[in-house]
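As written, the chain order gives the labels A, B and C, with residue 1 at the start of each chain.
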């Protein structure tokens, strides 16, 4: 029951949306794709801002749209964060928040308190200001707080960071992670930026030409070699891990994940805290033997699962399985090597190989 | 001379000389609007007979008067009253001795479809009575005198609506918004006869509604202007004037 | 400047008329502007054209048709008579109605422009904040369109004060009922009372200047007449 089912068709002269997806009713689902892929249209259909001509939409069992049913946006228990500043210019930041507070439903299981929202987004000092007196990032934080104070059961975010420059983006991302961590609120997050998706998403719906071309958990979809979107330099996997140890002398931390572990720079995370690491395909090289005289810290024994040609005919993508022989837990990595190397190393499914990881980032 | 203003000036001068019409034998007449139809006919007859050209401008007497005072290029002025020609003579803008009454208005009480409009006025059985604004139109002042003579002035007063001129008064009645109204006989006359639903008010019930014409200073030396006024006071013009429901002052 | 009692009556009546008309126009014009700004109906163009007609039509045309339309044989006249209200020409109510029609574009267009300027986004935002259509109108459209509403109110008022042709056609020049300042000035001129005409005319010039000056001072981007920005 805890899922969002969208079977929708929207026909425009230049574009049509035709999706049939189910998304988990918890965690962060990213609608990921290039611009024009229909991800925003799908989000607007879920919000009811756009009315799909045909189809059916259910949220945790509630029918929001069917042939003769259409719940208008103001009757759906959603919060919506738009891409660009969308604060009411005739109201102060506080007035914008109160607009939501006044209209929020009275009976809510776990209401988000005003102070909690303000604190979560760090806008306590901005409340008296008018929208034009706020920076782009501050405006977006107020808009997110406002979307929370309507007490939504589903939060929809349409590229909330796209209109911001990098410093502003880095300013907001921690707030979004806090949101995810502290609130048990399902979020559908539209983005075309792989780094945002890697940091925030649990589940991925990849969109192209108005269709959902791949769906699944982040780890699964990103390690698929036939992932339909061309990620180029951004190709790589995201792994959920836990800090197991911190080496004070060398300022390193050991992060364990299903089937393996890596050492990386100590980012100050406490032991036992959960972290998410991202390993790009271009940062993994392969070797037959374990190299003893290398600067590379992390070398993991792995097994080749699959080899394909990459976007460029000179390159190959290799899917690697990293497995703990005792527990049987495993994870997948993706490596990008030249096709020539793949040939010389005789890579084929089942080949044992060492994955040398040049860099790992906690995200 | 290649200045852009020079071009503009040339166009302006061309327009002015064109509109001023330098041809000999032309007369510009400012004519009270209520006299539009008969004047068109008279002017046509005059042009045919004399070979002169007549340029007619119609408007309310007050507006034409204000234009004359402020230098409008008219040669003759046919007012709807006597006050404005008087004022022009006094101001020295009209030629002494040129003034005469070219038509006398006849008042008609008109109530479309009514068998006896006069009886209706006396009975008080109506909602609105239209008259011309007595302050500015002689037909209106005359209408008020008729109400007094008919001893219905007090009863009629709260029901009065006034048009800015006699044409508008006619419209109030014609559109049915006023049940009856004092209009000019010239407006309702049909083939030289008053219709059955109009009462032609006897001239003794009010001061005469004299419409006077004067020769303006600007036309003092214009032979065509003098000829037009002479024609207007002649037999052929009188015949037309009467056919349109106006009276003529006996000489 | 000296004013006769009749002049003072006309001034008071004019202000009363303009106030009534402005209030009615805002009441009628705002929903109409809102509809015009948002609709994709095929009726949008014809309705826009009808609303804009008074800008291009001579007031005499409008006044003449209103006279016929509201008269005892006109469709509206038959309706008002059936309702026991009598006919509207030569009454204050008739003037109010005619003025509302006459000044409608001057009120609708600034409001419509303001609504179109802020676009759909604030309304979508409000919808996702659980505001229903009526709530959105009052909590978003009205406050966001406030400069447009102010311009509309000022223009509607000033245009009604300055109206002449329509009043002339359907007013009947009844003191205290339909004899407004502009008609009074016309009568002064016709009666050769130029001093009286001067006093009232000067008053009109000063009034109009003050109103427009205030409008431009508060809303420098206001453009009069066409309603085009």
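The definition used in the following text is that a contact is a pair of C-beta atoms (placed from the backbone, for glycine too) under 8 Å apart; a residue touches a chain by one contact, two chains touch by 3 or more.
For clarity, every value in this text was computed on a predicted model and none was experimentally measured.
Undergrad: Indicate, using Cα centroids, the chain positioned nearest the centre of all protein chains shown.
TA: Chain closest to the assembly's C-alpha mean: C.
Undergrad: From the centre of subunit B, which chain's CA centre is farthest?
TA: A
Undergrad: Between subunit A and subunit C, what is the separation of their C-alpha centroids in Å?
TA: Computed from C-alpha means, the inter-chain centre distance equals 56 Å.
Undergrad: What is the distance in Å between the mean C-alpha positions of subunit A and subunit B?
TA: That gives a centre separation of 88 Å.
Undergrad: Nearest whole angstrom, what separates the Cα centre of subunit B from the Cα centre of subunit C?
TA: Those two chain centres are 34 Å apart.
Undergrad: At which residue positions does subunit B touch at least two other chains?
TA: As it turns out, subunit B has no residue touching two or more other chains.
Undergrad: Sort out for me which residues of subunit B touch subunit C in the complex.
TA: 60-63, 65-66, 83-84, 87, 127-128, 130, 133, 135-137, 160-164, 168, 171-172, 175-178
Undergrad: Which positions of subunit C touch subunit A when the two form their complex?
TA: Interface residues on subunit C, with respect to subunit A: 121-122, 124-132, 135, 139-140, 143-144, 146.
Undergrad: Residues of subunit C touching subunit B in their complex?
TA: 64, 67-68, 70-74, 77, 86-87, 89-90, 168-170, 172-174, 183, 186-187, 189-192
Undergrad: Quick check: in the complex, which residue numbers of subunit A touch subunit C?
TA: The touching residues are 47-49, 72-75, 78-80, 82, 86, 88-91, 99-100, 103-105, 146-147, 150, 156.
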